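Two complexes follow with chain A in common, the first pairing it with chain B and the second with chain C.
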Partner chain A sequence: MRKYIEIAKIYIKAQLVWRVDVVFNMVFTITKILFAYLLWGAIFGTKTEVAGFTFYSMLSYYIISTFLNQLDMSSGISNEISAKIRNGTFSKYMTIPVNIEKYFIAMEAGVVAFYLTFDFIAAIVWIYIFKIEFVFTTNFVMIAGALLMILLGLLFMVQLNYYLGLLTLKYQEIGTFLMIKNNIVAFVTGSIVPLVLLPDAFVSVMKLFPFYYVTYLPSMLLIGRYQNEMLIGLIVIFLWCVLLQIVIQVTWKKYRRKYDGVGI
Partner chain B sequence: MIGPNGAGKTTLVKMLTGIIAPTSGKISVLGYYPNDLKNEFKQQYAVVMGQKSQLFFELTAEDTLRLFKEIYGIPEEEYQKTKNYFINLFDLKDLMNVQVRTLSLGERMKMELIVALLHNPQIIFLDEPTIGLDAVASKQIRSFLKEINEKRGTTIILTSHYMDDIKTLCKRSIVINHGCKIYDGDTEKLFEQYQKNKKITLTFDLPTELPELEYELELIEDSPYKKVMMVSKEKTSELLGWLMKFSPSDISVEEEEIGTIVERIYMEGGRAFA
Partner chain C sequence: MINRIKKNSRVIRVLIGLRFQNLMMIRLGFFGPFFVDGSLFLIQLVVFQTIYTEVDRIGTWESGEMILYIGTFSMLNAINMLIYFFGVIGIPDKIKSGEMDLYLTKPISPLLRLSFEKINLGSFPLVIMSAFIIVYGISLGNIQLTVEKIVVYIFWMLIMSILYYDLIVIIRSISFFVISNSNITRVEEAGLELCMQLPGIVFYGVYKFIFYCVLPYGILATIPVQSLLGELKVINAIYGIMVVAVFTVITCVIWKRGIRHYNSASS
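Let's look at the complex of A and B:
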């Protein structure tokens, strides 16, 4: 375990080198909040409620889901693995005594821990500046459930991107897979439009898939909604993590012999 | 391991370290099948492969060493002792807290070797360890490797195109060509037996014409200011004595290249195990 903590620590340290990126990342959270402020301001107009949301509960949802979306930085993993398999530098993970998947999970944990701090500060600052009456549940069970769901959601996203990266062993080029994944994730996680605004049948289908539980449900839980979905949500996302882990192991076992380590 | 480009040297290193699996035949290193990628096996070897660096370029070498200490589960006291031993050996004290990307190629290779040797492996595989390095850095790397072999008992398996690397470091040589072993034996004997010629290069300040040469040699270049010739090892000193009469401004004598030796072994009957 200590080796993975050290991997996380070294990636936290590595983030410090790119301080300007961090500042921009913080500053640009405002664009999303500003967009949401103007858009929903126009939609609400004189109405006090839309689909059961008040203007401020909608903004609170946006701030929380934006915050969670910013935390998921796992998409870099698929690109990194893909590039390393193609240029032969993936060998360096195969020759040291670590579990490669755990290495990438630890790496992601380091990056997330770093950005968590700064994104949290950014969110607080924007709430204060926009004088948003922030809606946040005080129910401890919901907070704990949401946090656990966030952890499982982040783990699932790392697993998914790790798996997509591994597909390079078979397909060489995984750009199409990544594009499909990115579009699905952007839509289905509810980061573009809260899923509550979509048809019930569509949402019911989405509940079977993991993305619903990555940012959407935790965000709703944190603003005090959908407590009845919490337990089943935790079970579904957990089962997806288990399933994906099995798929990863089968894929690795089947295709790792295709790795030739050639490149640079 | 010696051989021309594409001979299969790096492929063999990859098989020995488990990066790739052999398509046929058997392979065993320290009693393990390398491609099983068992952590117990990985604890016992290290590999340094040119561009496949283990260093974090945006951080310091000290950071990478600390990470590898945890990866290999090295106790703090042993870590400090080993690290300081290598730092002193290479005289790298002032560079440990410098960003890796600012280091020169030679300094980076030294750091790479320290990272690889930190857990005191039984075997270290080196793929072209001195490629791209200047003469001074190459020499330092060679003496460093010699010392860890002699003092720490680490087995070194290296691939190289450089005669100096092979002659200085290797008692045993394996020559590979087209994926086949064509020589496996004593390095001295290899060169004695197959390094038959030397290359002599002469430069002149004034245009010079050599008379009909009495020696059996191959004239590679014959211009007014420069002559390059290949001559048998036995005749080299005698020829040099004769050439001095023409007052050359510079003379260099080089060993025959590895590629030529490999070609000769191959031509003279393929498998020539000593």
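Let's look at the complex of A and C:
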């Protein structure tokens, strides 16, 4: 365990090198908030409530979901694994005395720990600048449940991206697929619009998949809605983590021998 | 002047021919841009269809107008991807690596070659898809078309394609003067992401100033759509042409100064 903590620490330090990137990451969270502010501002100009949201609860939803999206930086994992397999430098991970998947989990933990504070500051700044009457639950159980779900969601996204990266062993070029995946994930996690606006049948199906519980449900819990879905949500996302872990192990066992270490 | 146009046309034809040969060798990911951007705009379509189940209009636009806007933005993006995007995005790397030397030694304009050397036919289905979205928006919005309106709309699409090109080149040309422009391109990404989701009609105050004047992504698809809807005022039309003219001049100035500032591999 100690070596993984060291990996996380190294990645925390590594982020300090890219200070301008940190500032830009903070600043560009404004895009989604501004989108929500202008779009929903125009809509709420004629309505007081949309799908149970008031203007400020809608903006609070976007503030929280944007904060959670910024924390999830795991999409870089699939790109990194894919690139390293293609150019033959993935051998680095095979030769060091660590479990490769745990290495990437520790890496993500380090990056998340670093950005947590900055993203939090960014969220506070946007609340202040846009003069948002921030809606946040005071129910401790909901907060605790949401935090646990966020952790499981981050773990799931690391697993998913790790798995997709490994698929390079078989398919060689997955760059296009990863970009399409990013577009779809942004939609199904509720980052573009809250999923409650979508048709009921679609939402019911989405509840069977993990993406519903990565950003959307935790955000809804934190603005004080859907407490009744919390427990089942925790179970579903946990089961998906277990299932994906099995898939990862099977995939790794099956395709690792295809790696030749010389690059494509 | 005529000789120059003839010469440049010949160069463009040769570049397109070379690109075809190249694409036939590397087929992998040929339709990648179509699938990536196609999925982006289709999701956009679903998002706004969903929002319109809850509200009747956003600003003054109903569902049909908004779909027309998405289709128009998608078409501008498709033209960009089809013709010049993949060539122009390579400018920063060519400056950093010193590869720009090769472009400067050739007897043609480096920017002309960069703009046309990576035409991407894999993006052509995006043009078709965008056309379908536009037609769908027109039929859903019951928009009355006349020949005059269609001609004016096509004119604005061409004008805005030039503006889109200007904006892409300006941002990449900054690499002549700075070590890394990665964060500047993020400004472009943020502006595009916002304006492909929001039509210019919802901007006001400082937001309108930013997205109409400083980073005019807000007018890219808004003005063509307004022209088709018959909502475009003369003053806005003049403003649109002025913005394109000013940004084209800025592009030329920055590019020329950048070339003069270029110090080969040490840039």
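One rule holds in what follows: the second predicted complex is superposed on the first by the 259 of 264 C-alpha atoms of A that agree within 3 Å, B and C clash if a C-alpha of one lies under 4 Å from a C-alpha of the other, contacts with A are read in each partner's own complex, and residues count from 1 in each chain.
Basically, contacts are C-beta pairs under 8 Å (C-beta built on N, C-alpha and C of every residue); 3 or more make two chains touch, one makes a residue touch a chain.
In this text, all values refer to a predicted model and were calculated from it rather than measured experimentally.
With chain A as the common reference for superposition, the partners chain B and chain C occupy compatible, non-clashing space.
Once the two complexes are overlaid on the shared chain, A:13 sits against chain B while remaining clear of chain C. Residue by residue along chain A, chain B and chain C are tallied for touches, and C comes out ahead.
Contacts of A:109 after superposition: neither chain B nor chain C is touched.
Using the contact criterion defined above for the overlaid structures, shared-chain residue A:180 touches chain C, although it does not reach chain B.
Contacts of A:3 after superposition on the shared chain: chain B is touched, whereas chain C is not. When the shared chain is aligned, no partner comes close enough to touch A:63: not chain B, not chain C. Contacts of A:89 after superposition on the shared chain: chain B is touched, whereas chain C is not. Between the C-alpha centres of chain B and chain C, as seen from that of chain A in the superposed arrangement, lies an angle of 90 degrees, given as a multiple of 10. Once the two complexes are laid over each other on the shared chain, residue contacts for A:259 go to chain B alone; chain C is not touched. The superposed three-chain arrangement places the nearest Cα atoms of chain B and chain C 16 Å from each other. Taken in their complex, chain A has these residues touching chain B: 2-3, 5-7, 10, 13-14, 17-18, 88-89, 91-92, 94-98, 257, 259-261, 264. Those residues of chain B that touch chain A in the shared complex are 14, 17-21, 35, 37, 39, 42-43, 45-47, 49, 51-54, 56, 58-59, 63-64, 66-73. Every residue of chain A that touches chain C in the complex is listed here, in rising order: 20-21, 24, 28, 30-31, 34-35, 38-39, 41-43, 46-47, 50-51, 173, 175-176, 179-180, 183-184, 186-187, 192-193, 197-199.
Taken in their complex, chain C has these residues touching chain A: 28-29, 32, 35-36, 39-40, 43, 46-47, 50-51, 53-55, 57-59, 183, 186, 190, 193-194, 197-198, 202-203, 207.
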